[in-house]
Structures are given as C-alpha cells and as structure tokens.
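Shown below is the structure under consideration.
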Amino acid sequence: MADKKKKKLTPEAQQYQSYQEKREVKRPIFKNCIKAFFVGGTICLIGQAISTFYIYYFDFTEQTAGNPTVATLIFITMFLTGFGVYDRIGQFAGAGSAVPVTGFGNAVVASAIEHRTEGFVLGVGSNMLKLAGPVIVYGVFSAFVVALIKTILIKWGGL
Amino acid sequence: MLVGHQTWMFKNKPTIISTGTVGGPFEANGRIANDIDILHDDMWIKQDSFEKAQRTMMEEACQIALKKTDVEKEQVQFFISGDLINQITPSTFTGKTLDIPYFGLFSACATSMESLALASSIVNSGGANYILSGTSSHNAAAERQFRYPTEYGGQKPPTAQWTVTGAGCALLANKGTGPVVTSATIGKVVDMGITDRLIWEEQWPQQQ
Amino acid sequence: MIFFWAFVIGGFICVIGQILFDVFKLNPGQTLTILVILGAILDGFGWYEPLIDFAGAGVTVPITSFGNSLVHGAMAEAEKHGLIGVVTGMFEVTSAGISAAIIFGVIGAIIFKPKG
Amino acid sequence: MKKVKLLTIVLLTITLFACNSNNALEPTNKNNHVELTKISTNQAIDQHASNEAKELLSKYKEIIKVNAVNTEKELIATVEVRHQARLQLSEIRKKLKNKLVKNFPDYKIELSTDKKLVLEVEKAEKQIEENSYTSKELKKKVKELIELSREQT
C-alpha cells in the first residue's frame, strides 16, 4: 500500500513494518460494509418515514420536508448521544452511522457535551465544531468552487 | 553505578516498601482486579471533569501507599510523577495536594518506569530517604485529548489501543523490606513508522 | 417503493463511506469531507436532483446532500445576483442541518454529561 | 490492496454514469393503470378543463395517478409517475407542463409531481364532488396550492 512511504524509512523500520503487517489484525472489510449498508439504510429509511409523516400531516412538500426531517433526526441523535448509545452504534456500524446527517449531529453534540467541563463559552462554544468543522469548511469551499464554475459556464459559456 | 552505555546498577538497594493502586470500572472487570487497592465504578469519581478524576485517583494512590507503612508524609523528600494530559496537570495538582517537593515527568506509558528509575537513582546516591513515584491515566481524558470526544461514534479498528483508567504509586526507601530495585536501563526513542490510523497520521506525518 | 430505494441508495452511500474508512484508511473527518465534496460535484453536473426524486431520504439524509444543497443555494442566488450570489447564497437552502446541530448541541451540553 | 482500490474506483464510476439513460416519454392509446376520477360538473364550479386535462395526461404510460382542479383562470394538475421514471422527473414535469400549456391556452397552468400537492388536490376534488366548495373558496384553495408548489425551502 504505502510503498512510497516505506522507502524513506530505515531498514529496521521497514523490517518492523512488514513484521507488523503480518501480525496486524485485519479489518473485516466485507462484514463492515454489510453492517454499514444495513444501519445506514435503516437510518435513511427512518428519515424517509419522518419526511412522509411531515408531508401527510403538516404543510410540507417533498421539497421542503427535507429540512424538518434533518432537524428531527439530529434531535433524536442528541438523546442517543447523551445517553451514550450512539458511540456503541458507531462502533458497530462504522460509516453506516457516520455518513448520514445523524453522524454530523453526533459529532457536534458529542463535542459540545465533552467540552462542557471547560465552561460554556470557551469549552462548549469554541470546541463544538471541532469535528464537524472540516465538513462545513470544505463543503462550503467546494460548493463555492462548483457554483462559481457553473455560473461562469452558464453566463459566458452558454451552457 | 553506570554499567555499559545506558544502564544503572544500584548497589545500595533502593526498596519499594509499599504501593498504592487505583482502577476504574473497565479495570474492575479485568483479571488483576483483586490486586488493585481501590476500584471505582464511576468514571467521574464524583469530580466535575475527567482530568480532576484522574488527579483524585493519583492522590488516592499516594495516600494508600503512605498508609500501608508507618512512614509519615513529612518524611518523604520527593514526589516524582507524570501522566498523559497537557502540562501533566493531574500530577502537578497531586504534587500541590501532597505538599512534597515535586518532579514532573512526561513519557506517556513509560512514565511509570521512568519515575521509578529516577527515584531509585536518587535514593541509591543518598539524595533522599523516601521518594513517592508514580503515574496515572484516565481513559476518557486521554481519548478526548488525543482522539475524539468519548460520545463520538467513530469506529475503532481492531488494532486500536485502550488507555487505562487508573493510578499507581510506589514508595521507595533506602532501607526496609520489599522488592529491591537492582538496576535500570534507559531506552531511546525509536520511530518504526507505525501510526495510529485514527488521527495520529495527520498530526505526525512520517518524517525524514 | 420510495422506502425501498431510500434504504438501498442510503445504504450504498454508507458503503462508499465504509470503503473510504477501511480500504483507503481515512479517518472519519476525511471521509465525510470527501463525501460532501462529492455531493457538491454531483450537483454541479445536475445529477443529484434526479437522485432525490428517485430515492428521497436515501440521498437527502447522508452528508452528501449537504454539499448538494450548498451548491443549490449558491446557484439559486447566482441566478438572481450574478457572481456575488455564489458567495452570499450558500446557506440559503441548507441552514437546517447546521442550525439544528448547533442548537441541539448546546441543549445537549446543558442536559447531559459524557458517559466516558 | 491496489486491486481493491482500483475495483472500487471503477465500480463507482460505473454506478455514477449508469443512471444516465434517457427513455422518451410518449403518449399511448391505452393505459389501464391510471387512477382517475372524473368530477361531475355542477353549475357553480365548472371542471370541464380539469377533466380534459386528466384524460390528456392519463395517456402517458409513465403516469399512474392524475388529479386536477381548475378555477376560471387557473388549472392545477398533479401526477404521480411510475417509480422507475422518477429519475427523469424534472424532464417529465417540463414536458407535461408544456403539453398542458399548449392545450389549455386560456388557463394559467401549474403542474406538480409532489406528493403533498397530490394529496391536497385530491382532497379539493373530493370537496368539489361533495359540493362543499363555493367558487370563492375554491379560488382561495387553488391560490394556496400554487404558492405551496412554488416553495423552495
């Protein structure tokens, strides 16, 4: 895998690494993918159920039901995180619980809860987005780049 | 005293006359639970942060070690200790509570033996009669400092390590009964290029 | 029918995340960042909207939709105000996820203590 | 390890490009699957246009459900399409709307595929059927529905 990295190391380190690679407990990739599929799919299914509920019983259309659905899922996540259940689910499901928006909510809520011992302003306030920060930063930046390119293409490229 | 390049031989028999050990809830389920003096079933130990809990465990360990002997706290010359947390605050605050002249160390897990080696060396050379040496760590405090918040649902790979919740303390004396520290070999820092895939890879890119 | 596809497509996106975890050995932060960027790019090509029509929450719940709706907000504003809209319209559509996370984060910090 | 990586990349690209097929949307003569209720027209509220629109739309084989109501100036129609066709939903919507605009030049046309609108228009149809709408109420309702269908966030 990391052939390039290996070349820079001393011979002892290379030897040790190949020894380590032989002994290392491999990640059960296939099993993890199956778990991620089912847990992730279930979370999306719950999301679909919530959004259908909003469409049927409130004044939301398919377009607008997305926002309250996300908020509801994060609300549920807050309790699962606070009661210490979400990290168990996360250990079991891996990406299955990290990729849905509940994972984003969990990252924010977990950081907020964790840093409350440092005070509410400098603890909770400044550390809350520690984990979710990269997602927001690169989400916004990549969206900016994509939207910029698309706008320029539409305006001057006649797309 | 120095033998070879990095080994000390102690001729004056520095002796561990007593020890104090404290463990957390995870350790209470382990195989050596019977050998731990105090087991807590709560990660917080009635403190308001994990770091304070770690300090409390260290204080308890020192007090137990002292209580097991008839040595008074005032007879102890030095307290040598360290831990994993930023600025080794749990150890430093324990030093404040104990009110004993204090050395702070930092060598991650190796702190336990490093403090013992240094204490033995001081006792052996006649620099002190009694020295408390020890170390402490707290799973949640370390997780949060080095990895993710404890409630974050990140998946740990099967090779992930688990930081212990506990504290250990040894009272070293120049005479008495107990195990004798005969020698100590000090190791070098070696980088074998192994990284913790969880987060360390970003913080410590492989150098050279 | 939409429930079935929400499950399958949502699960599939999570499998992509798991592959990034296990095969490419990335940490969660990097994985989520890549998925968000992927969502933004897909929307740039106009392929994300059809997926939403097809799989509903299966693509709006995974974090990829965050990138998608950021681009969407930016594009909607850009149509009205030109290039400046790209900067100002970003959070027009997607405020729900972030504001909900922050609000419930603070509430969570008030109610709960970490279990350790 | 390298092979696995390569394989995943190839699989990803295939899945991303695979959903790009484009099948044309053509009206057929027969379509048995459509749910369609014609509203008996009474004096107060003329629903001829809606009924015609429904018949027109029901000829497309992608469509499984049609509902429509109209006032004197506005016509709002909702369709539900077969799930496999939902990937081309925006194109279908555009095409159907153009068709309606061409066929009903006197009306302001609104066409939606949204589940919420389907439910609401169906409700409105039922109430017209039961004669519980005055034409004023209907106008208000249709205006509401048009606003709802235009909402973005």
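All chains are identified by letter, namely A, B, C and D, in their written order; residue positions are counted from 1 within each chain.
In the analysis below, contacts are C-beta pairs under 8 Å (C-beta built on N, C-alpha and C of every residue); 3 or more make two chains touch, one makes a residue touch a chain.
Which protein is which chain? UniProt says C = Stage V sporulation protein AE.
The structure displayed is predicted, hence computed values, not measured ones.
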item: Chain closest to the middle, measuring from C-alpha centroids that were averaged per chain; value: A
item: Distance between chain centroids, defined by C-alpha means - chain C, chain D (Å); value: 28
item: Euclidean distance of C-alpha centroids - chain A vs chain B, Å; value: 36
item: Chain B and chain D, separation of their C-alpha mean positions in angstrom; value: 71
item: Multi-partner residues of chain A (each touching 2 or more other chains); value: 1, 27, 29, 32, 62, 67, 81-82, 84, 93-95, 98, 103, 107, 109-111, 113-115, 131
item: Multi-partner residues of chain D (each touching 2 or more other chains); value: 1, 4, 152-153
item: Shared interface positions of chain B, touching two or more other chains; value: 50, 148-151, 154-155
item: Which chain pairs touch, all of them; value: A-B, A-C, A-D, B-C, C-D
item: Touching residues (chain side chain A, partner chain C) in the complex; value: 1, 27, 29, 32-33, 36-45, 47-51, 62, 66-71, 73-75, 77-78, 81-84, 93-96, 98-105, 107-116, 120, 124, 128-129, 131-132, 134-136, 138-140, 142-152, 155
item: Contact set on chain B toward chain A in their complex; value: 48-51, 144, 148-159, 191-194, 206, 208
item: Chain D residues touching chain C - in the complex, by the definition given at the top; value: 1, 4-5, 8, 12, 15-16, 19, 83, 86-90, 113, 152-153
item: Chain A residues within the chain B interface of the complex; value: 5-6, 8-9, 12-14, 16-17, 20, 24-27, 32, 81-82, 84, 86-91, 93-95, 97-98, 103, 106-107, 109-111, 113-115, 117-118, 131
item: Chain C to chain B touching residues, read off their complex; value: 21, 25, 27-28, 113-116
